[in-house]
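By letter and in written order, the chains are A, B, C and D; residue numbering begins at 1 in each of them.
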């Protein structure tokens, strides 16, 4: 019996794979069905996941197992319930309290996290002696790195008109951005094709058995 | 913007489909050369003394399996070959199964390896960055038990691991956040452990700035190509090597189409200049 | 009697050999007092393994760690409370597991009120905050502030106009992350502007979201915009709806909406992952004008390639200032620009110092 | 009251979190971690709002017999099936209301919830993701046309990196002598990725970082308050 369901599983997988692929040709009932199953199934999945993997271990377990050490968790529970008061139009405004806690946390955490990782760390990472390198290619590269970073930052300068020296720098900056976009795009092509390879390995291997999985 | 007449993109879709499928069935075996970032990872693991402990975090789910699974397999295999003990963790819920799957695949090649001594799977912990931070302060509090529910005090591999200090290196296989970035920020930046990782091709450009003088990241395996290179380095060609043939063909198709697009554009422009007057 | 003798033996041997083994314990600096740093040096004797044990008042001796390193350090961060005196015992063993020497020492940890390592971070945080606040206030007091053109935003009027003309809806996606990401909030700020325009022109707006909290907030935002435009009756609460939390499930749903509703304009403003290109390509094939904006460096290339207009990185955050010309927001933007100026100046000084072999600035900034 | 107090909360929470970064002393050091768990819990409750919205929107579509209304019945059924199976027998190691359902698990090979997850959901997810392989090709074909300096740069770096990433790249320039090794395509691709690309990414990161810092500060100070909605 288990074998039957395992085979059925593979056939289901193949069926839905083709249903999604059919969208590439045009919108059709197969895709529509797969799409709606996907939306419904995944919404259900995340609902169950949230209960089992977030609410139970982070709220229910700590509160029931050791209340005195975890009583503070009652606060987010109350905030969560306040969030649900949106459902009644009269008490809708109550949900602003939990939202303001969330947004306050986000702002506080993001303020420092980005100051550290995106500003300070990138600052020190660019602070190099460009003339030290194993060969001239690296030295040229390091000079490009510094020039590109500085001009790129200048491109994001908003409060001055981009004319004169600033305009030229900003223009060079946008060139660097374009090179980086192109490269990232080209680089990613590989990653995306890998995904298709993964799918075809499933179809050709697990389903049809033409290739070794 | 004047639009040049283009070929219906569905022809391109069809070509890509067969361009990938056929090389998977009929292997070509195009040659491959290794790059610096992959070598750095290889050297890191290769230079680890026998018996040292590595923390491998599986921070991806089945969606990124095609890219990350082959490199995970290659790296784990390399560690086992070098007799490095592995502590498997996961910052993504599905990562646990991913790690399990790799262990399952390699089990037969290494019959002598013992669970709890040579490797252990500690399972998933939610919380990302915060969890990693707590691991640095008190590892045992974050992971009091392994995946099967046995206390880590009973596992010889976990002896003396109270934070990151007895861990040789950290390696994150990451498909997004939490992933390499978080590990770098905590395990390397805060606790100074060598940190390396493998990521999907798309997140690679954002990770590259971390490979710098401070060695925030020690090398990086990016995408299937890196996995294929790693397979070459450890001399065990696997599914990544095969996939690279398909990659090369598909890339070629894209490049040819870019060329066609440009030729069409220039021809149209010329015609326009001539006829427009 | 026997016990006393053994104790005496250990005591004497400790006394005799304690000079040969060094075992020091320090409080870990800049923390909350939850860790001690242990260091040992047993290079004088031929120990093959050391074991360190700890005893807290009113509890038993427990093994903290063991090591084969001759000289080593260990951070003890398990169940340490500040202000309590702990007794530590280091035993050096030979290869047969016989105890060679034992050293004892006591230590207590303390917690600090300021993390000195983070001083460079603090300085930078203060500098940027003060400049932003300063410019906000100077803008408020009537100082005229300039803002350069942001290309992607010209499309907003054009899109709404087109949608009205064609009688097709406008699609807005506030990214696929939750409210705990700033990009989502920036996207919602722009949604307010767009909704107001849509209300004025009587264009239909569709906002599918993939997070419940974003759903609540987006609904509020759209509702308020319709009220502000003087058309509260035109607000359809079901135009903002939830699909699923799943990244690709959401994309499948949105793709369906794009091919069936054929929106005249698509806006993708917020945090995106791999779904960016699926959305943008499907949107292109349905013939919509597309405007995207994100600060995700990995997804920008796809939006730049596949969309008509793209807000790159910071432009997403600057967009609401540009559209509203609100002095507060313009002031804040000016403050951020000041941050960039500081960045370039410090970077230049740092590079010059590095070239001349002085590393102090880099070391200072890297410490945090 | 309905607006002032939330603004005050945002301000207090934000400021305390920023200050706590610099104070290792208890309880400040642990605050951000605790608050992030709070976020998870609050969003855990909030997910119910989403589910109800999904239900409502779909039921309305079915009720008014909108075009393709039959498909929305499928949405609701798959949602209900998934949730019911999840709560009845649980998932993975967590038990549901009826325990682990050993009999049904041994028949299917998985718990019913996990069976659907592995055999339907995961395949849908992976296939949707793999559509990118096609779209990246079509986007490249359509957009990589050298109209301006910018688009030429975009196009050139993309093509060079793509070539360098494949075996053809190494075959194409493999014959170059040692002295011209830097023109070898994989090397060129690596060079572009390591230097100009890093520079571009860094500039974006710094700009976006400052943008986020500015927005955070505006929110904490109560200047940016659109997230609160109605006046």
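One rule holds in what follows: contacts are C-beta pairs under 8 Å (C-beta built on N, C-alpha and C of every residue); 3 or more make two chains touch, one makes a residue touch a chain.
Note that the structure is predicted; figures quoted are calculated from it, not measured.
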Touching chain B and also chain D, the following chains: A, C
Which chain maximises the distance between its CA centroid and that of chain C? B
Highest C-beta pair count, chain pair: A-D
Using CA atom averages as chain centres, what separation in Å is found between chain A and chain C? 13
Please tell me the distance, in whole Å, between the geometric centres of chain C and chain D computed from their C-alpha atoms. 15
Using the average of all C-alpha atoms in each chain as its centre, how far is it in Å between chain A and chain D? 3
Chain B to chain C, mean C-alpha position gap in Å, rounds to 22
Touching two or more other chains - residues of chain D: 18, 21, 32, 36-37, 39-40, 42-43, 46-51, 54, 68, 122, 124-126, 128-129, 131-138, 140, 142, 144, 154-155, 158-159, 162, 165, 193-194, 197-198, 201-202, 204-208, 210, 212-213, 215-217, 219, 227-230
For chain A, residues contacting two or more additional chains: 20, 23-24, 32, 34-36, 38-43, 45-46, 49, 54, 58, 83, 86, 99, 102-103, 105-107, 110-112, 115-117, 119, 122-126, 128, 146, 149, 153, 156, 177, 180-185, 187-190, 192-193, 195-196, 198-199
Any chance you could list the residues of chain B touching two or more other chains? 9, 13, 16-17, 20, 63, 65-66, 126, 202, 204-206, 209, 214, 225, 247, 250-251, 254
Any idea which chain A residues touch chain C in the complex? 20, 23, 27, 31-32, 34-36, 38-43, 45-46, 83, 86, 95, 99, 102-103, 105-107, 110-112, 115-116, 119-120, 123-124, 126-131, 146, 149-150, 153-154, 156-162, 177, 180-182, 184-185, 188
Mind pulling up the chain B residues that touch chain A in the complex? 10, 13, 16-17, 20-21, 24-25, 65-67, 93, 126, 181, 185, 189, 200-202, 204-205, 209, 212-214, 216, 222-225, 239, 243, 246-247, 250-251, 254
Residues of chain D that touch chain C when the two form their complex: 18, 21-26, 28-30, 36, 39, 42-43, 46-51, 53-54, 56-57, 60, 67-68, 124-125, 128-129, 131-132, 135-136, 138-140, 142-144, 154, 201, 204-208, 210-219, 221, 223-224, 226-231
In the complex with chain D, residue positions of chain C that touch it: 30-33, 111-115, 118, 121-122, 125, 128-129, 132-133, 136, 178-180, 182-183, 185-186, 188-189, 192, 211-213, 215-217, 219-221, 223-224, 227, 238, 241-246, 248-249, 251-252, 260, 274, 277-278, 280-281, 284, 295, 297, 300, 302, 304-306, 312-314, 316-318, 320, 328-329, 332-333, 335-336, 339-340, 343
Within their complex, state which residues of chain B touch chain C. 9, 63, 137-138, 140-141, 159-160, 162-163, 165-166, 176, 202-203, 205-206, 214
